[in-house]
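Naming follows writing order (A, B, C, D, E and F), and every chain is counted from residue 1.
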Amino acid sequence: MFFHRQELQHRAQPDKPDAVYARKLQEVLGGQYGEITVAMQYGFQAWNAHIPGKYRDLLYGIGAEEFGHIEMLATMIAQLLEKAPLGVSDDAVQNDPTVAAIVGGTDVQQAIVAGAGARPVDSNGNPWSGAYVTASGNLLADFTANANAEMQGRLQVARPYHMTDDAGVRDLLSFLLARDTMHQNQWIAAAAELREEGAEDLPVPSNFPLGKEDRDVAYQYINFSDGQQAGDGRWASGPTPDGKGEFSYVPEPEPGVPAPPPTHPDSRFYGTTELPNIVEKAAGAAQDALDIE
Amino acid sequence: MFFHRQELQHRAQPDKPDAVYARKLQEVLGGQYGEITVAMQYGFQAWNAHIPGKYRDLLYGIGAEEFGHIEMLATMIAQLLEKAPLGVSDDAVQNDPTVAAIVGGTDVQQAIVAGAGARPVDSNGNPWSGAYVTASGNLLADFTANANAEMQGRLQVARPYHMTDDAGVRDLLSFLLARDTMHQNQWIAAAAELREEGAEDLPVPSNFPLGKEDRDVAYQYINFSDGQQAGDGRWASGPTPDGKGEFSYVPEPEPGVPAPPPTHPDSRFYGTTELPNIVEKAAGAAQDALDIE
Amino acid sequence: MFFHRQELQHRAQPDKPDAVYARKLQEVLGGQYGEITVAMQYGFQAWNAHIPGKYRDLLYGIGAEEFGHIEMLATMIAQLLEKAPLGVSDDAVQNDPTVAAIVGGTDVQQAIVAGAGARPVDSNGNPWSGAYVTASGNLLADFTANANAEMQGRLQVARPYHMTDDAGVRDLLSFLLARDTMHQNQWIAAAAELREEGAEDLPVPSNFPLGKEDRDVAYQYINFSDGQQAGDGRWASGPTPDGKGEFSYVPEPEPGVPAPPPTHPDSRFYGTTELPNIVEKAAGAAQDALDIE
Amino acid sequence: MFFHRQELQHRAQPDKPDAVYARKLQEVLGGQYGEITVAMQYGFQAWNAHIPGKYRDLLYGIGAEEFGHIEMLATMIAQLLEKAPLGVSDDAVQNDPTVAAIVGGTDVQQAIVAGAGARPVDSNGNPWSGAYVTASGNLLADFTANANAEMQGRLQVARPYHMTDDAGVRDLLSFLLARDTMHQNQWIAAAAELREEGAEDLPVPSNFPLGKEDRDVAYQYINFSDGQQAGDGRWASGPTPDGKGEFSYVPEPEPGVPAPPPTHPDSRFYGTTELPNIVEKAAGAAQDALDIE
Amino acid sequence: MFFHRQELQHRAQPDKPDAVYARKLQEVLGGQYGEITVAMQYGFQAWNAHIPGKYRDLLYGIGAEEFGHIEMLATMIAQLLEKAPLGVSDDAVQNDPTVAAIVGGTDVQQAIVAGAGARPVDSNGNPWSGAYVTASGNLLADFTANANAEMQGRLQVARPYHMTDDAGVRDLLSFLLARDTMHQNQWIAAAAELREEGAEDLPVPSNFPLGKEDRDVAYQYINFSDGQQAGDGRWASGPTPDGKGEFSYVPEPEPGVPAPPPTHPDSRFYGTTELPNIVEKAAGAAQDALDIE
Amino acid sequence: MFFHRQELQHRAQPDKPDAVYARKLQEVLGGQYGEITVAMQYGFQAWNAHIPGKYRDLLYGIGAEEFGHIEMLATMIAQLLEKAPLGVSDDAVQNDPTVAAIVGGTDVQQAIVAGAGARPVDSNGNPWSGAYVTASGNLLADFTANANAEMQGRLQVARPYHMTDDAGVRDLLSFLLARDTMHQNQWIAAAAELREEGAEDLPVPSNFPLGKEDRDVAYQYINFSDGQQAGDGRWASGPTPDGKGEFSYVPEPEPGVPAPPPTHPDSRFYGTTELPNIVEKAAGAAQDALDIE
């Protein structure tokens, strides 16, 4: 169960409206790595969790915070849009380039669809998608997904930080940046704890019997490009992070195997085949006309 | 530049057709964490890279391999579909439940649209989307994204491994599982090397001045749920993985701040406002009628 | 701010697993009119509201409940999937039609992607989309959208009610049906109150100056089909619900006006035009070759 | 059957081109509540209707009109784009801010993809989606959907009305506004007639046996937020619009029920489980290796 | 303007219901090359046309027919769904595999969302998308798009023809197949006429000054794979279809040019760069902290 | 197998950065007819091919080239973005219209998401979609699709050619234009060769028995609009391009057949039906309550 309180975790008030910036903040609200994504992602990971206790408590505990972050951003965006231009006549657009420029940089749908409000979309107006959510039931994989989401997310707050000098906006962003710092650290720590406790290990999924994978190629770096320096990294020699092998470097791929011959499905799929087949196909179709009709 | 050779990196031939399984393999080909995703993701990360040398060589070297994996899966899927049922009359569907069942489990579009061929879609028929690709220009963030992609990807090969006992299919999957093992290890090693060399560090982005974030909340676990055990993890006390702080545990959130008052944009957005505003709004609209007309 | 408690508003436990039904319930969770939609819709309407007080309190109060409904459904789905088949060999699919049938009716991604878990998608696997959310800032329009959402939503619970006889599932559905009954009534009542208080009226938006619309056609039913009975309804005669006019019936449309001539944009868009234009276009292009090069 | 006449229902000619405005009008043509949506929605409702006569005649009669509205808007957009800038050199963009501003506010795809033409997309370039269409087979639900569509639609014409002073554009918009006024009234009247005739009633679907829903909570307003005024509305006390109950107000939710324990699906889904399970899982996997191989 | 008549161009009645087949027909109605696509495509091409007369008349004349085809298919689908199973209890699914199989092969949303009705989606439930429409303003390009659409479309009717033996369904399909035959012929004829009349020519767009393209590579077949037979086709030697050159065959690509060095955007994008740059970046960031704060 | 070489097929370097133009080039990279589409389309057609030899070699040979075109465009876009504005304060936006205009015309996600990099999206930010790919297994249909793709693609390079005067950009575009010229010619030649060799013919699919289609309407132009000139084209009289008939012109459609009566699915779908049915429905539901409970 979720409960709502009409308060914000942190102040979310700009010094002044800025409709162009309101569009940019949509990325942080409704983008691939925006707040809707992490809120829903931690929720689904919790609901799909197969183990009670601290890991699931963590997912619940942080997920509800993220729903509050959605709210702070939506509130901020609505205020940034408060003086959004609307009644701009064509003359103004053509004669006052500053006004025109603002029109060009704003999100048309924040105006026409939401009436100067926030929307569950990104900064290019793409609707938020359930496809952004990762919740596999395997916590080591999912905590890595979460670490990535918080890294991309902090990048996507840091960049717009420099696109405004509004102290109110920056105040909220500095709060979000710090929470992203926490969440990066947290998921990395949680992933490490999973491995230490033996609950999961590399490679994910760690319980898949290694004997069923093709161990000969399990630690080879195979270079399919002509870059000469890919062999200099620690992924090309030395022990592997999963503790189960040694990296090796293959400067160019072994010859492959011949591709199997093309398929010949039922002639009634009407694909293009070899000439002898064409005759056969025609015959088959004629036959088919008799049979099926 | 890319070059193609009419060979496969590994054998991709099923022992016998299985149209139901052909649908499942679409996930590994065209799903969120399928081969199209990693091929395109490593490509875009390389093209967006700001640093020449081993990291970019790595991206190019592995990216081209993944394009070949797309090909192996498409080839496999086409063969699994070779005997896909087509001419199933209604009676057969209703009288022979086995045939009917197979029809139910197959991908209708593999038949009708591709004529018993592979498609750039997932196992539910959702078209592959460019939104699956992450390429931020920040390599620590992106290598973490890649590690996650290879973890989810290996999970999504391991699960269908148990959904068939076709030796030919399993042979290919065992190869893909091993390459995913390599790639998990590789991206984790590459991320570690980035930190060791000082090219990037936690929190991402590490060059954003920490003084600009709200450091008071940068290492607090704040519990927005009532789970009692979230404080037991290593994310709740002790040094943080970024080496810059100490985790602390906040059992329940501090009181927030009052939300700002609702916004009142231009009356010509026709939003619903307070009654006094309604009068004003009507007056404004009347005035507007005079002015703008 | 949102807070979470590790409880459910109502019991969500099936009597036994049923992987086929787990797919159906995705519609109620993540479909166009599923619980994610109403939770997010009421949230965005509250955040975009321009008026404090009872209407916004209502949106907040009901929105948080809906987030809890998402949770109940996700929990139910995970349990329905608990015995989902996985290790089905090809022989089993072909020899045991019952098993095969179940495979055909299940959501492949619930298995492969979520590991027998719930997902933010509908019953055909389409990811939930932010485009499902309506939040215009105009409360009379939005409460009508909400009434519709609860009607479609209740239909979409009533239908699957008959697709199972699991008492545990039906117990949860009977709870959701009742809440949808409440919410239909509630939004209809709230819309009526808006009109009674004079905050909004028909036609929406009620403050747009009627003098600016083409009042001659504002209450005409114009019949563009040849159905003879469309004139029998109360939309074809008598007073209009907005209290501002009388319906009239136009049995077939007036002759229209001639369409304007086709456009002729810049020749460098390379559209197809009339022959004389073609010569001109070629000349222009030749000139352009001189000028721009 | 549909027939076309090369006329427009109303004049659709701007006084002068305006490429920035052409983008805005895409919302009215191809947005969630644009003309394509209502044309297709009324069509599908008619084709899915289960009852002949006035209601279906109404759907057909109005649906064909809406297809003509698509045409008027596409015609208008093409004319607004007639002088769209194309050969803008980089210097011009950097030196003449007015030209640059216009470039910023235009739809790049109207130029590059359609060659200065209209497209089936919204004002942010999102393709029109079949997911916008609601056609459930239940007319009371669907007429409410239609009333909402016409309300949102009229809002989305009223707002852009103030974004231009082109008399030709406004002339068309004033016509569309009036038709939306008619259609709001019409669907509200039709919904009322359905109830009066006893064909449908509240709550939708009205034939679902009420005894099967949890009547105890069918009329409770339960406040999941801390707003104090949600109890002041007519949704919190008094008779309900469906005429079957009395609203009541529950100031805060009852304690919930404990969530069921986490699920433990087949170990071959490789989810993360408790430590004892881990051992078991490993054993199971080992066994599996023997069995399945 | 569009007008509707409550008749069908051809009979659309199945001999008996078949819910599994109803899903397949969704491809022909709402798929990428289904009837909605061609109806909308011909409409947008007409509205974007820059030339009055026979070509635009053709687009209008055929476009309206296609809207009627949507209607025939929707009508057919609704009838095929008339006996769609609904009240299937869990026991029935597990004990009667025939019923279960049918459940597996049906479209869940046709049942739950549309109440046994047609939907604007394809056979996998993907909503129809405006992105399927091609309307560029260049008629030679667009008529080629149309020829392709009618070819893919006829394929997608021919394949399902063999998936049923219902005489009523086949009767409608035989009508649609014939119309697709006409439309393939028609668009090919229209494209030829455009070239004969000199309105357009190859390569499209034919008025782009050839002197501005890199003529050295305008007729070279360059072989980026190792297939030996690509040189045997008429695309590798002899005159080109545009009448402006001779094909030549390049057995393997010339060496390319070195890729430009990686980019170094503003340090505040926080991309990963070379180590010296890292120091600089840190200094820049420090400076930035002073400047911007 | 694919191999990568760190070279470009052609120089891809702009004379100077231009962030506004970088957005436009996204269309050529990631739009419906951009380079990702043709690369993937030729790949899937090859993998789905049913015939070895020159046609499949052609697909492989050209497909790999297109992957290299993706790379050239991504490289170009990154350079165009190298000086993309980021630290634009609100004052600058409001006071320097040139800077502001550039902000308005740029792709916000290239900045915030990719850190001044290229993305797999079009010029409006829509993610590239697998739905753009056509690969039916029928080569005559698919080569026509390819000819169309290269025509639309060359149009979409020709138009942006005039939107810049940067010599470096134009140099790359002139190369791409020439390759598109080649590819248009090539697919038209390949389609002709398929017909000459008898592998495929018109109408597609040519092996579908013509006796099964409704030959009476296979060559009729039926005019559903009132344009008088559609009968003047070569699609209205004379021999048909498939060589199997004669076009005829039908100035207006024959009367159609009556639509079948509305459907009456199971009452538990809760659709709206006739009044007698309503009673029945209620009775049925009551009965159902007894039976199913």
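In the analysis below, a contact is a pair of C-beta atoms (placed from the backbone, for glycine too) under 8 Å apart; a residue touches a chain by one contact, two chains touch by 3 or more.
All figures in this text were calculated on a predicted structure; none of them were measured in a lab.
Colleague: Enter the minimum step count from chain C to chain F; a value of 1 means the two chains touch.
Modeller: The fewest touching-chain steps linking chain C to chain F number 1.
Colleague: Under the touch criterion given at the top, what is the topological distance in steps from chain C to chain E?
Modeller: Each step joins two touching chains, and the minimum needed here is 1.
Colleague: Between copies chain A and chain E, what's the superposition rotation on C-alpha atoms, in steps of 5 degrees?
Modeller: Angle of rotation between the two copies: 180 degrees.
Colleague: Quick check: how many Å separate the C-alpha centres of chain A and chain C?
Modeller: 24
Colleague: Taking the mean of the CA coordinates per chain, how far is chain B from chain D in Å?
Modeller: 27
Colleague: Would you kindly tell me how far, in whole Å, the mean C-alpha position of chain B lies from that of chain A?
Modeller: Distance between chain centres, rounded to whole Å: 6 Å.
Colleague: Identify all positions of chain F at which a residue touches two or more other chains, and write them in rising order.
Modeller: Each of 1-9, 32, 48, 53, 55-57, 60-61, 63-65, 68, 75, 78, 86-87, 97-98, 100-101, 103-105, 111, 113, 115-117, 121, 124-127, 129, 131-132, 136-138, 140, 155, 158-159, 162, 165, 205, 208, 212, 224-225, 227, 253, 256, 262-265, 268-271, 288, 292 in chain F touches at least two other chains.
Colleague: What residues of chain F sit close enough to touch chain C in their complex?
Modeller: For chain F paired with chain C, touching residues are 155, 158-159, 162, 165, 268-270, 288, 292.
Colleague: Looking at the complex, which residues from chain A come into contact with chain F?
Modeller: So the residues of chain A touching chain F come out as 16, 18, 20-21, 23-24, 27, 31-32, 97-98, 100-106, 122-126, 155-156, 159-160, 162-166, 224-227, 253, 256, 261-265, 267, 269-275, 277-278, 281-282, 285-286, 288-289, 293.
Colleague: Mind listing the chain C positions that touch chain B in their complex?
Modeller: The touching residues are 1-6, 48-52, 55-56, 86-91, 93-95, 97-98, 100-101, 103-105, 107-109, 111-113, 115, 121, 124-127, 136-140, 194, 197-200, 205, 207-209, 211-212.
Colleague: Along chain E, where are the residues that touch chain F in the complex?
Modeller: 5-13, 32, 53-58, 60-65, 68, 75, 78-79, 81-84, 86-87, 89, 111, 115-117, 126, 129, 131-132, 134, 136, 138, 140-141, 144-145, 147-148, 151-152, 154-155, 158, 161, 170, 174-175, 177-182, 184-186, 188-190, 192-193, 202-205, 208, 212-225, 227-235, 240-242, 245, 247, 253, 255-260, 262-266, 268-271, 288, 292
Colleague: What does chain D use to touch chain E in their complex?
Modeller: It is residues 1-9, 30, 36, 40, 43-44, 47-48, 57, 60-61, 63-65, 67-68, 70-71, 74-75, 78, 113-121, 127-133, 135-138 of chain D that touch chain E.
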